[in-house]
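Two complexes follow with chain A in common, the first pairing it with chain B and the second with chain C.
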Partner chain A sequence: MQTINTDVLVIGGGATGVGVLRDLALRGIRAVLVEKGDLTHGTSGRYHGLLHSGGRYVVKDPQSATECAHENEVLRRIMPHCLEDTGGLFVVTPADDESYADRFVAGCRATSVPVNEISVREALRREPLLNPRISRVFEVRDGSADSFLAAHVNAEDAVRHGAQVCTYHVVKALMREGDRITGAVCENMRTGEDVHIHTSYIVNAAGAWAGKIAELAKVKVTVVPGKGTMVAMNHRVLNTVVNRCKMPADGDIIVPIRTVAVIGTTDVHVPDPDVFGIEAWEVERMLSEGEQLVPGISRARVLRAWAGVRPLYKDQDVADDRDIPRTYKLLDHETRDGVKGMISIVGGKWTTYRMMAQEAVDAVAQKLGVQAECRTHLEPLPNIGDWGQGKPVTSGQAVRPLTSTADLPPPAYFWMGEPLAHVEAADSYGNLICECELVTRDRVVQAITTGRASNIDDIRRDTRLGMGPCQGGFCTYRAVALWNEFKRGTLPAPSQAAASGGEPEPASHSVALLRHFLQERWKGLTAITWGDQLRQARLDEIIYLDTLGLDLLPAPTPTDQNAPEMVTAHPAIATEYHAM
Partner chain B sequence: MATIPHDHIELSLENSLDHCIKCNICTAACPVSAVTDLFPGPKYVGPQAQRFRKPGQPTPDESVDYCSGCRVCNEVCPTGVRVMELNTRAKAAIVEQNGVPLRTWLLGYQYLFGKLACGPLAPLANVGARNPLLRMLVERTVKIARNAPLPTFSTYSFRSWFKKRPKQQAAPTKKKQVVYFHGCSTEYYEPRVGQAAVEVLERNGFEVILAKQGCCGLPLLSNGAFKPARSHHEYNVEQLLPYAQQGIPIVGTSTSCTLTLKEEAPELLGMHETAVRLVSENTYDIFEFLRMLHQRGELNTNFKPLNRTMPYHAPCQLRAHNLGRPALDILELVPGLQLNESNAACCGLAGSYGYKAEKYQIAMDVGAGLFEFVRASGSDTAVCDSEICRWQIAHGSGLTMRHPIEILRQAYGDE
Partner chain C sequence: MRDTVVIGAGLAGLMGALALADAGHRPLLLAKGQGATHWTSGTIDVWGAADGSLREAITGLVASNPQHPYARTGFASLEAAVARFRALTEAARYPYVGSFERNVLLPTALGALRPAAFFPATMAAGDMRLPGPVLLAGFHELRDFFPPLAAANLAAQGIDARGTYLNLPPIKRKLDFNTRSFAQLFDDPAFREDVGRQLRAARGDATRIGLPAVLGLKDPLAVVGHLQQLSGAQVFEIPTLPPSMPGVRLYTIFRDALVKAGARIQIGAEVLRGAAANGKLNAVFSAAAAREQEHHASTWLLATGGIAGGGVRTDYTGAVWETALGLPLRAPTGRGEWFAPRFLNEAGHPIYQAGIATNEQLRPLDESDTVVYKNVAIAGAALAGCDPIRERCYSGMALATGWHAGQLLAGANE
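Moving on to the complex of A and B:
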């Protein structure tokens, strides 16, 4: 058993959790983050990537709109390398109620969301595939965000400031002395070992899982897991975020993010955030609604469908999950439930993660008697990728302390061609492991050797490996070979494996890695396998089943499945891989 | 998409990237990436890079410039990705961003040199064009390869020959008229090809009309200089449209010119007007036209035996017409004549590619197998439909090169 002593334990490795961790670290508070999967394993790694202007909520949820508009500007200054400045449009299609447009504009004014009406002709000049029958168009400051990279840079900066990140650590129980929570019993899922973390304070930032964590403290937090299914098109059908100008509903937005355009989303109440599937009607709905924005889009190649669960906090009864406010809520369990030592930060949007973190840490700092003020809006996040116009920033270089975001340098956003420009500049096209997403050998090796990865899916979250059109068809075996090459030293020696009666470890471990990642990719293909993507799936099948005979190779034993690095068979996350 | 009619054609081109299943067949077949590491291959620069390109942002890639435009990728792609077109449009984006380089102007307007040098002064010009010092100077300054095979200026132009010849009988009906599109090479360098074409057409009872015409613009087009290429195509469409409207076929001996009129210019430049389409639909490669005559039983097959065996190379620009091998189909009717096909992917020169100093050696390496094939044939003459390929094969192998129409002309014998 391992014991860790810290001041604050953050539960949850999504956008909010890493945001909280960084805020704590920048204020000099000792902190540890635990996450039962990889960073962004939950909702943060499964959303459409919208940097909200606030426009979506100006009528329905004004407070959320104002929060988004404020944070939009802050994030543009502190993490431009994680954002693309796509701009956003709200368009009135023939299917939409025309009277909403005026309410929309009034709402923008009331909530300080910058808006500007442009002509239909101008909108079609910018986005030629847009439905030419739209009647009004409003320009807003939407953008798109790489939520994987954003979480990594937050975590990295926190670690640089002394924080600790423990992925694949599941919280089994909370320690309690009287009415005070004093720590958590976690399991290191890689080793099966228990880790006792003693802490003065716990921040429950588990998102859709926050209710489950609260239960461990015997308090009730009603988080409604609102499943949203998204469909990614094979290429950037649009280069601007386009929203329907109407009350938020299914399939009313297309977000251009990195190499794809994502149509989102549905909103379906699910009982358990760990168990959900993608239904055929959801994919159909996305495509048919997408037709209103881009006629013909349903005939274009679909790359993948996936779903994430919104962490909607419900403190009163509403008829429809869509009516639950998108604002966040800080719950002080001491005043609310008489349980000391823990707060929960629930609800909210990716766009408001930093603000949520700030509010949570303000509360914790007050409890701990720490005077330091929040600096997460003033300190740019480091650039840990090997590309980026954004210059690496080392904190503390400023001659005078920054007092507002206006003091920060002008944003150097990610731009769509950047990965290609980088490969071209380095002449590294001969060294691509994932050709679709231009992931070089160096980046994969770096993720294997220095990152927190436990399997190829974690490498994907670090590098975008396998996220392109072929969905792992050509990169999976290459990545597994590198894994074998660079991790062999950490595997049990063959003699040990033989002693325990198993097959030689490396080979069957490779089979396990291959099967896991391919299964993971396949999961997102089953709902959309037609046309070009069906052809692709067939080729991938030929590679892995007909040529490599992956289904005929010795089945990985449970030992392999639970091989130290892979983790994916652990009950705490396994359901996700066996969902419908 | 459906709402805007012409978009359909547009989308079938750029959106064809969606058909890529990453299979690498194009990369395996690409003659350029087989000989150099400077070109990452058609999959990479084509459908793959296309997912990172966006109008209005700086062009992210330069390696696409090493695509020779030979279209072998299009030919082998099992799913119908328009790789060459994607590449050429990417080159056009680079040109739009950086301007048209001087070298592209020189290669694109080489016909102006033809205009100046063709005629009585040609011998002098030819000495100049072969002067090693001058060529080295040109290579140093504008990066045109000193050893690349420049064609020989003719002492007379094709049109002057046509004008001076005795007046031929007018055709009895419009059905027996054809417009001959000679292109720049026949006009200034190889009038003999045009002479052969005119005589073959006349042996089949056609009145040959010499419409006004300019350069097809392909050297500009393939180098991404879309703006001047467009004005070249507009000019030719304007000149040829009246004939196309009357249903008079436009027949050419240069496979690249005819491909440009038929397909390259309209598709790459997004010119989908009716006039452009009419000209496109009425344009034929000369052997495509002769094969149609033969299929209707109208070809004069009164051939004299030619007891010869020669190597034949089907140029990539001909293969892009998707016609099979019309020259072989017709020439096999000639008794005693045997043509052995090279089956080579490309001669390497690929339009203007091999003229560029940094690409000359690549072009020679691409063509090496083909040169070896024609040399090994033991024949002193080889046959190829495209002028540029003829110059390159002659340069690489030392053989005399002929257009298949010249061989067919021989088969008709003297009257």
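Moving on to the complex of A and C:
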């Protein structure tokens, strides 16, 4: 059993948790974060990647709109390399109530969400595939965000400031002395070992799982898991985020992100954030609603469908999950429930994660008697991956100066052609491990050797390996082989120095890993596999069965199944999908 | 008007065209693109599950599963097809070895032991039942073959194997490293000299050296011989991720033989539809740059493949259709029935069995088992009743049905 002593324990490795951890670290407060999966394993890694302008909520949820608009500008300054400055449009389609547009504009004014009406002709000039029958168009400051990278840079900065991140650590129990929570008993899921973390304070930032953590402290926090299903289309049909100008509804947005366009989302109450499926009607709804924005989009290839669970905090009864406010809430369990030593930060949007973290840490700092002020809006996040280089700022509008962040340099955003520019500059065509997403050998090796990625899925989140059209057909074999070479200490210099010592790992572990990864991928594919994507899946069978004979290798033994890198098969995080 | 038009340039279509050419026809071969030759390993897989005699396995299959494509051809046609195929490749100095007595076990790029009945002589020393320590060698620059992982998996199965990387010899011009560019490099004797010296140095006690299947496009057997001479060990090829150079070689051999025999091959001509009357197909229309092209023939061979080849297509409503002529298919109903929950499910996924049902003469049947077109024969993965990848009979079945269909059509034209 391992014991860790710290001042603050953060539970949850999503956007909010890593934001809290960084804020604590920048204020000089000792902190540890535990997450039962990889960073962004929960909702942060499963959303459509929208940097909200706030426009979506100006009518329905004005407070959330104002929060989004404020944080939008902050994030542009502190993490531009995680963002794409796509801009956003709200369009009125023939299927939408025309009267909403005026309420929308009034709402923008009331909530300080910058908005600008442009002509339909101008919108079609920018986005030729948009439905030509739209009647009004409003420009807003939407963007798209790489939420994996954003979480990693927050965590990295926290670690540089002395914090500790424990992924694949599940909280089994909270320690309690009288009316005070004093720590947590966690399981290191890679080894099965228990870890006792003693702490002065706990921040419950477990998102959709916050209710489950609160239960361990015997307090009631009602978080409604609102499942949203999204589909990623093979073609980046738009370069601007496009929203339906109407009340929030299923399939009201298309977000261009990296090489794909994501249509989102549904909103379905699910009883348990760990058990949900992607249903056929959801995929069909996304495609048919997407048709209203981009006619013909449903005939493009669907790369994948996935679902995330929104962490909607419910403190009163509402009829529909869409009616629960998108704003966040800080719960002090001492004043609320008479339980000392723990606060919960619930609800909110990805876009407002930093503001939520600031509020949570303000409360914790006060409890701990720490005077230091929040600095997360003043210090840019480290640029892992060196994105946002070599292209001037192309924002359609002047960046609204913020007094608090005015001294930060103008944002240098990630831009779509940048991975290719990196490959061209380094002449690394011959080193592409994932051709679809232009992931080079160096990036994969870096993800493995820097020690954070502990399985193929982690590498995927770090590098986007396997997220393109071939769905890992080519690169999974390559990544597993590189993983195996690292584990056996045969990865070529210079990364060799970082290879772990100890016994070389049996090849059967790598085979178990390969089988497991392909099986997980398969679960996410069956809901959207038809047409060219079915053909692609068959090519993957040719590769893994016919060419490589994966099914002919000896079946994994229990030792292989329990290898540390098989942690993603752990029951605590194995997502259960229903059959279609 | 041609006597016969063959649709599809995979192994089944090529073999069918060869049978027709042998019978004195000059078929036109239309295809959307390259066939599955370019994706598959280039071995001739007859039946993966056979422990012993393949003759017995196929004879037993024909008796127990009358819907299987092999039941349409019988063992005799398979045997004749393989004999003709071997004569073809032998004449092109790319001989195939093997037998119907027993599958050999060839190593994969992952280190699995893969059964194959016939295989290029360049792979022969890779028979893992043969004795002798094995060295697997590759290049960091080739991302489709990782010797250490393959060797470690072979070692875990009791085979004395180790893996290593070679240094890329100096090359004259910049390359995008892939299987094809490596094959071109191996066609250069100077490149081989350097590789051979490295192999000799790295060989140790190994008597056999496995290299990725990129050992030249022009004369692979000579490349293997040269490397054997330089390294002092037997050298064999191991199939890589696609594109498959053994598959490219096969396609080239077929193309050259067919063109020499007066056949014509038109790649980039996707057949979009046909025109029929009185139960006979009279014409097909293929995609071309400015307009559709019309082709007439008295007999037709359809070998457009299954889901992978593009002969069978699907959409999100669950519709499944045959792409060239719109022939009736046997397919599972509804997307909910298409897949098994496990990717590596032993029985495969039902959707991949979708295909065209035929009578004994390989003529397409409709739902009531009536012949749709009496002058059209079907061959290869477009046929219903099997999953050639799971059954490991992709190439064997393609040769047998292609050959059989070609002979039936040649006979029908006489």
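Quick note on the criterion: the second predicted complex is superposed on the first by the 539 of 580 C-alpha atoms of A that agree within 3 Å, B and C clash if a C-alpha of one lies under 4 Å from a C-alpha of the other, contacts with A are read in each partner's own complex, and residues count from 1 in each chain.
Going forward, a residue touches a chain if its C-beta (ideal position, glycine included) is under 8 Å from a C-beta of that chain, and two chains touch if they have at least 3 such contacts.
Everything quoted here is computed from the prediction, not taken from an experiment.
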| item | value |
| --- | --- |
| Contacts of A:510 with chain B and chain C, given as first, second, both or neither | second |
| Partner chain in contact with A:420 - chain B first, chain C second, else both or neither | first |
| Touched partner set for A:262, first chain B, second chain C, both or neither | neither |
| Which of chain B and chain C A:29 touches, first, second, both or neither | neither |
| Broader residue contact with chain A after superposition on the shared chain, chain B or chain C | C |
| Which of chain B and chain C A:280 touches, first, second, both or neither | second |
| Which superposed partner A:480 touches (first chain B, second chain C, both, neither) | second |
| Which superposed partner A:522 touches (first chain B, second chain C, both, neither) | second |
| Touching partner for A:539 - first (chain B), second (chain C), both, neither | both |
| Which superposed partner A:549 touches (first chain B, second chain C, both, neither) | second |
| Footprint overlap on chain A, comparing chain B with chain C | 429-430, 432, 474, 535, 539 |
| Residue numbers on chain B that touch chain A, as the complex places them | 1-4, 7, 11, 15, 17-23, 37, 40, 43-44, 48-63, 79 |
| Chain B partner contacts - residues on chain A that touch it in the complex | 128-129, 131-133, 234-236, 239, 259, 294-297, 299-301, 415-421, 424, 429-430, 432, 435-436, 438, 468-470, 473-474, 532, 535-536, 539 |
| Partner chain A, residues of chain C touching it in the complex | 36, 39-41, 45, 108-114, 140-141, 143-144, 146, 148-149, 152-153, 155-157, 165, 175-177, 239-242, 244, 306-308, 310, 313-316, 318, 335-336, 338-339, 341-344, 346, 351-352, 389-390, 392, 394 |
| In the complex, chain A residues that touch chain C | 280, 283-284, 287, 298, 302, 429-433, 441, 474, 477-478, 480-482, 484-485, 488, 490, 492, 506-508, 510-511, 515, 518-519, 521-523, 526, 528-531, 534-535, 538-539, 541-554, 579-580 |
